[in-house]
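Chains here go by letter, A, B and C, matching the order in which they are written, and residues are numbered from 1 within each.
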Amino acid sequence: MSITYLEAIREAQAKALRDDPRVFIYGQDVGAFGGAFKATKGLAKEFPGRVLDSPIAEDAMAGLAIGAALEGMRPILEMQFADFSTVAFNQIVNQAATMFWRTNISCPITVRLPCGGTAGSGPFHSQTMEAIYAHYPGLVVLTPATVEDAYSMLLEAVAIDDPVIFCEHKFLYYHLKADALPTEALPVGKARIARVGRDLTLVTYSAMVHESLAAADELRSEGWEVEVVDLRSVKPLDTDTVIASVARTGRLLCVGEAWPWGGVTAEVITRVVCEGYDLLDAPPQRLNAKDTPVPYHPNLWSAHRPTATSIAAAARKVLQR
Amino acid sequence: MVQSVSEPQSAGDVSATRDLHIKAYRFMLLARVLDDKLASLYRAGKILGGVFLGRGQEALSVSIGVGLREGDVFAPLIRDMAGRLAFNESVLDAARTFLGSSLGPMRGRDGNIHRGRPKEGQLAMISHLGAMISVVTGTLFARRMRGVKGTVGVACCGDGSTSTGSFHEAMNQAAVEKLPLVMVVADNQYAYSTPTERQFACRSLVDRAVGYGISGHEVDGTNLSACLKVVGDAIERARAGEGPQLVVASLLRLCGHGEHDDAHYIETKLKASDLGRDCVKLAEAYLSQQSWADAASLASWRSEAIQKVEEATTAAQREPGPDPFVENYWAALSTKNLLEGNE
Amino acid sequence: MPQVPIIMPQLGESIAEATIVSYLVKPGDTVEADQDIIEVETNKANMNVVSPSRGVIEKLTAQIGESYPVGAVLGEIQVSKEDAHRSGMDTEHVDKVRSDAKHGTTTENGKTSQARVQPTVHGLPVPAHAAGAGYISPRLKARMNELGLHAADLAGVAGSGAAGRVTVEDFEKYIASLEKQKLTPASSMRIAVADAMRRSWTRPLATVGMPVNLDPLLVHRKAQANKPGPALYALRALALALSENSAPAGRLVGSNIVHPSSIDVGFAVEADDGVLVPVIRNADKQKLAELVDRYNKLVELARARKLPADATGGSIATVTNYGTFGLTIATPIPLPEQTILLGMGAGRKSQRWDEKTEKFVPVTEAHLTLSFDHRVLDGGAAGRLLGRVIYLMMHPQEL
């Protein structure tokens, strides 16, 4: 049996709908059509009246989810592409994220964002938005990198009483497979050591975890052992695990698919420098996408984001300092 | 367009109508006295941040408050002091929020009109105009899913809000979902300083109802009786399952956009027209004309309102503001173990 | 009756001040709460200041035509206790946080003060690339501190990092390799001396030398009952020379010369694993013969590591007799808290040219060296001091 990242997301939603009558799914084309990426295929039939098509109105979709959450429901909002969530941005960051702090009433919505690019997807179907949402207080931001995490973290997201931004990666949807769904998992808020190493700590998340593992394999043939840390959740960020790893290796490279300015990589490096300055044997570095909109042409796209090759090159620079 | 008020049918109807008018008027009076007090506290430097009043809109707003029942949902906006008080808000809640008392419903975290008690059906607005409407729709949507019947949701906004994308998205969504939403638009001729000819190009905002596929109703916002009837009807239609209702009232804002604004841009001829009449004075005149109240009862209601307002504002002024060094203030998540430390 | 100030209110969001146009009441008038009492003009419109409470106008102090900022006092009103209570004016509770938030930093008359910030003119030099043998990373520095090591200890470590820098891995490998070799703990004496020498070496040190004819001293010594050691002759000579001019023993601290207060001179005694320096206090004030017993006692105590606290420290110069090791010449390092160190080599028979007889004659000779902190002394002063010491040693009856 083999299950893809996308199927894991579907299974998690099915389980949530089954186990908790407060859960419903709302989004464009999620009903009979099963969603643009088939993340809800078959669910409208299995759970009639609970998997509903919305008009193209991300602001009102988010507002509706918030209102429903106030009434005690647990809505899962599917944005067709992360890039379109900017239309809902106001409701998410100014209404959902402030609800508890302002009124002492929790807002348990889960917003699923299909993030990241594939060759040819272009500027408005490729964005990774975790940094923008993480910046606002009152949100939990998750970036699962594995099939197992896509499953268990989505279930946990629905169970969390606060608004959760669930950043799924489209490239991993069909490409990433696992043998089985997990029976246990690390909780949200804890990072995972995806590969044990010795010479360098490479902190990353989402699709870049896989590129980083490939880079680590390349570097092993040169005698370097790179430790890869999969953040899993970007907010809260597991600073302890990152610092413990840098304590072991003395060197840090952060890799992210998003843009450099104020991104997750900037945040991780800041924390390590502030709290673990004396652990560093070389200046920390980061690798991000180029500071331009995401290009359409595959030639440009593959040069725009970090790849296993460019990650290995960046790692060498840090290792050889 | 002025809706005429039809004659009551029976004695029972008459006393019900009389009681309703008196109840509504007294809340209008209370709202006006409170608004005036807030304005003077503002000028005395006692209030932090802006003060936004509802002078001139009491008749429309109070009609919502008295038309709703316990268990309904209400998303008031900037000029709804009368509606809030009539629905379920205490004068003390309002006073405490404006005066920054940590004991108010927003506990110092938000102020002035951004207040509410969502669990009791009164939503706490955010500043982005139009954003509250889909939240009301969402609560109605959830209730339907849960099998809760017979409740209604009212959202308020002004002429300016109707230009926003969020207004449009929410109205369309409510219509598609056929939810019992009553959208009450107070067309007070100006959005801050922007007159309506710079805000929309259709004949009247009520014409948009057709576009959404819902019922629209116009009313003279200065006339309490008309408002009670039209707003009350719209609420009952929604409650009866007729889908979303749009009510557009015409009136004039009788204050600045905020108390920092002297509203010099409001055209004198508008102020002098019927639109510019004070609905509180008109209501008093109507009550007197109907012999439902005399000078003595009006005076006694007024002094009672003044006393309530004085008590609440005096009490609120004596209360402490929030203490920033108390831990509770710096948690933005309700899930404690997911909080990151705040230095 | 309480008096309540009439304050210029917040008349609008961006309004910071207003001009007094006219008074609508006068002192002595009774006013109601919220009654208009002063007409003011702002840059937006004419507005009215209202009375904060019911009461009697006591005085109106603002000038017509003058401008006052928000928060300025414009007059006073006398208010009855009940009215003060009703308008919340007798409340003792001062909501400091709120008032700070409203007025920001205020001076007495309510104007906000703004310190003028001077832009930085002088920048710090920007270091070049952090690489090379001299670069020590934060981690390496932290580890060195932990182990009590200094840059000097890294001399034995070859760096594999960029441009030969020592990485923390290189360092840990080195420490680990040391553990494979025989390690004995250094005594605390050794560590103390190492630390003192390292600190002393941070100064620019130099040494000058001259030979001294020991024959007069040897003759003098033979005639004594209590035989003074050769180092004691040198010590006493140095003490006398310094009492004549103590400048060479001064210390440079920043831009000041710290002058010695008393001529206390120490002398080096080898003890176990290191060197101790007992001190003869006021060595200039006692004659040589009087110092012998004290000197010998101190040598004994030092060797036994039983020197009392008052017998060490605080000396302004030190004498070391490295001749006892057979050394003829040496460049010892002055104590870190001292400027000069007088050293004496082993005495030997030498040939010296005698001008008078125009022949080489045999003499017993030793080299005398003066090691010094070159920040305080130059060669000339060092030479003159050494010369005077030598003269005195060759005229021992003066000691």
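As a working rule, a contact is a pair of C-beta atoms (placed from the backbone, for glycine too) under 8 Å apart; a residue touches a chain by one contact, two chains touch by 3 or more.
Since the structure is predicted, the reported quantities are computational estimates derived from the model, not experimental observations.
J.: Work out per-chain C-alpha centres and flag the one nearest the whole-protein C-alpha centre.
T.: Taking the mean of C-alpha atoms per chain, the most central one is A.
J.: For the interfaces B-C and A-C, which has the higher count of C-beta pairs in contact?
T.: Of B-C and A-C, it is B-C that has more C-beta pairs in contact.
J.: Computing the C-alpha centre of each chain, which chain sits at the greatest distance from chain B?
T.: C
J.: With chain centres defined as C-alpha means, what is the inter-centre distance between chain A and chain B in Å?
T.: 41
J.: How big is the gap, in whole Å, between where the Cα atoms of chain B centre and where those of chain C centre?
T.: Centre-to-centre distance between chain B and chain C: 70 Å.
J.: As a quick test, compute the distance in whole Å between the mean CA positions of chain A and chain C.
T.: 53
J.: Find every residue in chain B that makes contact with two or more other chains and list them.
T.: Not one residue in chain B touches at least two other chains.
J.: In chain A, what residues contact two or more other chains?
T.: Within chain A, no residue contacts more than one other chain.
J.: Quick one: in the complex, what on chain B touches chain C?
T.: Within the complex, chain B contacts chain C at residues 40, 42-45, 48, 50, 100, 258, 260-262, 264, 310, 313-314, 317-318, 320-324.
J.: In the complex formed with chain B, which residues of chain A make contact?
T.: 24, 49-50, 54-55, 57-73, 87, 90-91, 94-95, 97-98, 100-106, 137-138, 140, 160-162, 188-189, 235-237
J.: Show which residues of chain C lie in contact with chain A when the two form their complex.
T.: Chain C reaches chain A through residues 130-131, 137-142, 161-162, 167-169.
J.: Sort out for me which residues of chain B touch chain A in the complex.
T.: Answer in residue numbers: 105-107, 109-110, 114, 116-119, 123-124, 126-128, 131-143, 145-146, 165-166, 169-170, 172-173, 176, 331-335, 337-340.
J.: Where on chain C does chain B make contact in their complex?
T.: Chain C residues touching chain B: 7, 9-15, 33-34, 44-45, 47, 49-50, 52, 70-71, 86-88, 91, 93, 95, 97-98, 101-102.
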